[in-house]
Amino acid sequence: MVVVMEQRASEDEVQHIIATLVEQGFDVHRSTGALRTVLGAVGGNRSFDERLINVMDGVQEVVRITEPYKLASRTFKPERTVVAVGDVRIGGDEVIVMAGPCSAESEEQVETVAAALAGAGAKLLRGGAFKPRSSPYSFQGLGEEGLKLLRSAADRNNLKLVSEVMEIGQIELVARYAHMLQVGARNMQNFNLLRELGKTRTPVLLKRGISATIEEWLLSAEYILSGGNTDVVLCERGIRTFERYTRNTLDISAVPVVHKLSHLPIIVDPSHGIGLRDKVAPMARAAVAAGADGLIIEVHPDPDHALSDGAQSLFPGQFDRLMAELRIIAPAIGRSICVEPVPRRGWGA
Amino acid sequence: MVVVMEQRASEDEVQHIIATLVEQGFDVHRSTGALRTVLGAVGGNRSFDERLINVMDGVQEVVRITEPYKLASRTFKPERTVVAVGDVRIGGDEVIVMAGPCSAESEEQVETVAAALAGAGAKLLRGGAFKPRSSPYSFQGLGEEGLKLLRSAADRNNLKLVSEVMEIGQIELVARYAHMLQVGARNMQNFNLLRELGKTRTPVLLKRGISATIEEWLLSAEYILSGGNTDVVLCERGIRTFERYTRNTLDISAVPVVHKLSHLPIIVDPSHGIGLRDKVAPMARAAVAAGADGLIIEVHPDPDHALSDGAQSLFPGQFDRLMAELRIIAPAIGRSICVEPVPRRGWGA
Amino acid sequence: MVVVMEQRASEDEVQHIIATLVEQGFDVHRSTGALRTVLGAVGGNRSFDERLINVMDGVQEVVRITEPYKLASRTFKPERTVVAVGDVRIGGDEVIVMAGPCSAESEEQVETVAAALAGAGAKLLRGGAFKPRSSPYSFQGLGEEGLKLLRSAADRNNLKLVSEVMEIGQIELVARYAHMLQVGARNMQNFNLLRELGKTRTPVLLKRGISATIEEWLLSAEYILSGGNTDVVLCERGIRTFERYTRNTLDISAVPVVHKLSHLPIIVDPSHGIGLRDKVAPMARAAVAAGADGLIIEVHPDPDHALSDGAQSLFPGQFDRLMAELRIIAPAIGRSICVEPVPRRGWGA
Amino acid sequence: MVVVMEQRASEDEVQHIIATLVEQGFDVHRSTGALRTVLGAVGGNRSFDERLINVMDGVQEVVRITEPYKLASRTFKPERTVVAVGDVRIGGDEVIVMAGPCSAESEEQVETVAAALAGAGAKLLRGGAFKPRSSPYSFQGLGEEGLKLLRSAADRNNLKLVSEVMEIGQIELVARYAHMLQVGARNMQNFNLLRELGKTRTPVLLKRGISATIEEWLLSAEYILSGGNTDVVLCERGIRTFERYTRNTLDISAVPVVHKLSHLPIIVDPSHGIGLRDKVAPMARAAVAAGADGLIIEVHPDPDHALSDGAQSLFPGQFDRLMAELRIIAPAIGRSICVEPVPRRGWGA
């Protein structure tokens, strides 16, 4: 922490700040300049609230100089982490695509989609069984029955399954079926949930909250990492801005920023990020071009009749075309994207 | 819903939209103008996702014309709701002040503060026993022991107690001690928690999420109301903007806006809204002048040594002065603020 | 500036940074800790772009420790500035109210409003002659004819006149009629305009841009001050956020923040800040309660037929009631508001 | 416009709204439902302020159903516009790259960069002669001398020149040297400037304001188009959000959104959008992958000593690598990027 004193700060005020910092375990270096005094404080308590100094008399500004997260930082671990979900490796040379419907709705829906996705080169099936809906009057998901359908379709098509957990009580159940547990944007700061996920050994896909800074997001990852679960993948899914035409503003720049600050892999969710089907493919291409380690995309065999988020779900044929485009883009940055997909059983779009 | 077709939309496209809407239970009124066709759709499913229409061919724009919430709206209940917390009535002529420390830390701390607050005219004691902290390395609260201390101090000083619940598993425990259950900003869209709170009969204080629109906030209130718990008080506590000097931007305009859209009472939390002690009093005065039904303020007997949020906590003496200022302001809008406080046992600041 | 090096930064990298800073005229203090090296740089060029250091090898973070503005800061001038507009003093004990129509439309409109405002206690007449409109198809103002009408009505009613200048070419003309020149939100960073205003000796009312940080706003004031014009009053008028119900979010917290950072007076414009008539009075009261040095409010004798911004203009009767409320609130913070207004010539609302 | 009445609106209130709309030239269609009355208003004045209806008694909500812009919309002109800058065509199959230093500083600097850029495949040289700087203490540009240097270097290297105009008085001068006039983000709503640019026949590059919605941006384009200048290219350059790590958040989604709403070409400025050199290339790739019609990138022969924006300028060697990556990406969406660049005169990086 660096404490910049006001020009007219008195010696007493300076001494009071120094005493307070020392009391909190900091080593304090004082630098008295022509115009003002600057104090450098190192060591001390990582969770110390620097605003306490900020409101003291004589203080002009306080600046924190260490990231509040540690295990998630590249300072701690310079080389990139590769997260293994079964035999799928996220964070390596291959760009990993996860896809599927917003919610599991029926056996036929899930199986149709899973077969199509596998055929096109996806590696994980995504699908919700418990849905967090902003309206109490909306479809809330199939629960365990949905998980069974999803896992069964995933297995038949050689896909891994990623599905969302909304509360502590669901972890055990979802982990029984899913290979990767998704934490939704609204739960990014549900710290009790994060702490419990830190105790499991199932990989976690941690979505960014719609108003979370990248620092807060990495701090949420830290909750999981500090519990001993090192398999965390971050997922950018759009932040809230003043722009009204799109549902959210997909922050593609989070990809290079996270790669600089952290060793954790980062994927992008263009479906939630943009919220309208016809803009999903451009944003998916943009994410891969920016260096994302993967994508998670909503695909539905019949989006017009989807029980949730149909408007942002691709038709399977659109997903096929997108994958073909991504195979051209990935090599530009020295990456690949499932080049030899499983031969697919035909179906139209 | 109003669907505006593109100028060059074909008749087939118009018919496809109409058929889709009818299938969803809407009555559709068609208005064919010189330039374009406009469809009005009424009735139908309140939770229908209008983006489904938005992505269809020939559609220029889709506009929802009913609020997605119902029970929380003034359309549903024109007269204002008064929420009773014991004998304290929130939403009536009196401006209700809740105050206390961020966290219960010790018996002495809690008792000292409670006596001071009661003496100055506060009606509810606030204080946390379970703390949601963005860093896993921060103080996490005293748990049930904290609740006991808080309730005991509240009772001795004739105050009601409001305390936060962070997850479903805590509801029963916290409700045993607190007269009002607080839902924190990060949990505003924890829908499972809201649904459970809808089943209790304890009043709920629902904080606005830092990036929640007012509409989303009212929709979260709807979750509680639709469960049968009609005692919901809203609390504005600052939204996230680009401004970097303050922690959040306290949206005082939420007060008149909520009063127009909803019958529910709304109070303001200037402590979290601004995050720095010296700006708390001006914002508290502003909230009352704008018509807020109450305030919730952090006060600590020794903020410099508080275990959490000390930087935004008032000294008791500052709280006294603030209450005196508020007593001048409230009559400007036909309201009062505890005019005859309990005689206080002396303590300095 | 404080430069925090990465833990693994090499000595060569440290030396390169030091050399660069010295070359830019900074004195550099080095502090080598157990974990990392921190460099403090003082003096140097105030306009040095610290991002240049930020992108150098081995650097973890760069933090500026002086405000980029100087003349506008309380460090430079600890006591508050009072700006005199004729005999009206802004920034003193009295809360100054400016009011009037968005645009001058006709002699009758202007005279009717001016008489009413003077009667209610306003001290400045506001009114536009040149209007910046976001649509090329909207009413663009009466030009010099409007200025004549406004000044004449102001003089007859013992008011001072504040009016907007949109470009350098208008300064001389507007200054011939107005006692105070307003810079609109969209021009807050029109630096050429600001520089020219620095050369005049007419007081300037500088509105905050809708996405300007408080720091940028003070930097814009610095442009005017550095030209030698010390009569600058700041005006908060709402910032752009994600909230969609209100036109902008009025940032009332800018009042105490500006009072802490700067010696310049700050007033609030609740009309543009909220954009809807029925929310103007609550926000005006909030601004005064927060300590604003004044208000600027749109009032129109017949808002339903106003050529611009009618929806946010008060009826004169509403303005009267608001002034009565403000007279109750101001004393709460030791201020007054025109206690003995000019006897008014009657007119209804 | 669609006016949704409150459920309890009286017939008198409905009639008053209808009368007001008819007075403004609208045709009004009334639809009386079981629960409420909805009015559809078509025709009328494009610049009518719908908030006037919004504040009337009995009105629940007002929704505008036509874009406020016309000439910029795809409704008006369905096929995409190709803007010709000399022999360079923006908006066609080729992705056009503009590059150069933030400011012209010296003949050597400009010539070195121009030669390198031409060699790498850029088609326009960018460079400022008049700089809008947020601090009055920063370098303000070389003026006409800078324009001469830039044009001369552009000509020698077969590039077109794009340069910024900051005010009306500069248009004639800049247009004498530049083939394309840039309007900076801070001037996006300088309507007088836009109107004058509408009268010229030089192509305009219109940057998005940092807090401008896409609708406002298109409305600013409308100002230019309505003056008769149809050669407008839009440029996304980052919007202001709460995220603090990056200077702005580059809104890549503006590319597909603008392509849907408007026929005008859109390019992306990753240098200002992200503000830090090491993130420029990923964002440039993302923009092309999303379908941008071009890029504008800051390149400097010696960024560490640039007089402005050095931190976000690429080294020439980095620009070469980026162009090579883009040549792989463009074909993924059926586009090309200068395949046969002018043979370059060697220089390192």
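We call the chains A, B, C and D, going by the order they appear; numbering starts again at 1 in every chain.
Operating definition for what follows: a contact is a pair of C-beta atoms (placed from the backbone, for glycine too) under 8 Å apart; a residue touches a chain by one contact, two chains touch by 3 or more.
This structure is a prediction, so every number in the text was calculated from the model and none was measured.
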Chain whose average C-alpha position is farthest from subunit A's own: C
Chain centre separation in whole Å, for subunit C relative to subunit B (CA means): 30
Subunit B-subunit D separation of Cα centroids, rounded to whole Å: 39
Distance from subunit D to subunit C - Cα centre to Cα centre, in angstrom: 27
Residue numbers of subunit B (touch at least two other chains): 211, 240-242, 244, 278
Pairwise touch network: line, ring, star, complete, or other: complete
In the complex, subunit A residues that touch subunit B: 20, 45-47, 49, 51-52, 54-56, 68-69, 132-139, 166-169, 186-187, 189-192, 195, 209-211, 216, 219-220, 222-223, 226, 240, 247, 275-278, 303-304, 308-312
Contacting residues of subunit B [partner subunit D, same complex]: 2, 4, 6-8, 27, 29, 31, 33-35, 38, 40, 42-43, 60-61, 63, 65-66, 75, 78, 240-242, 244
Residues of subunit A touching subunit D in the complex: 211, 213-215, 239, 241-246, 249-253, 255-257, 260-261, 273-274, 278-279, 282-283, 285-291, 325-326, 328-329, 331-333
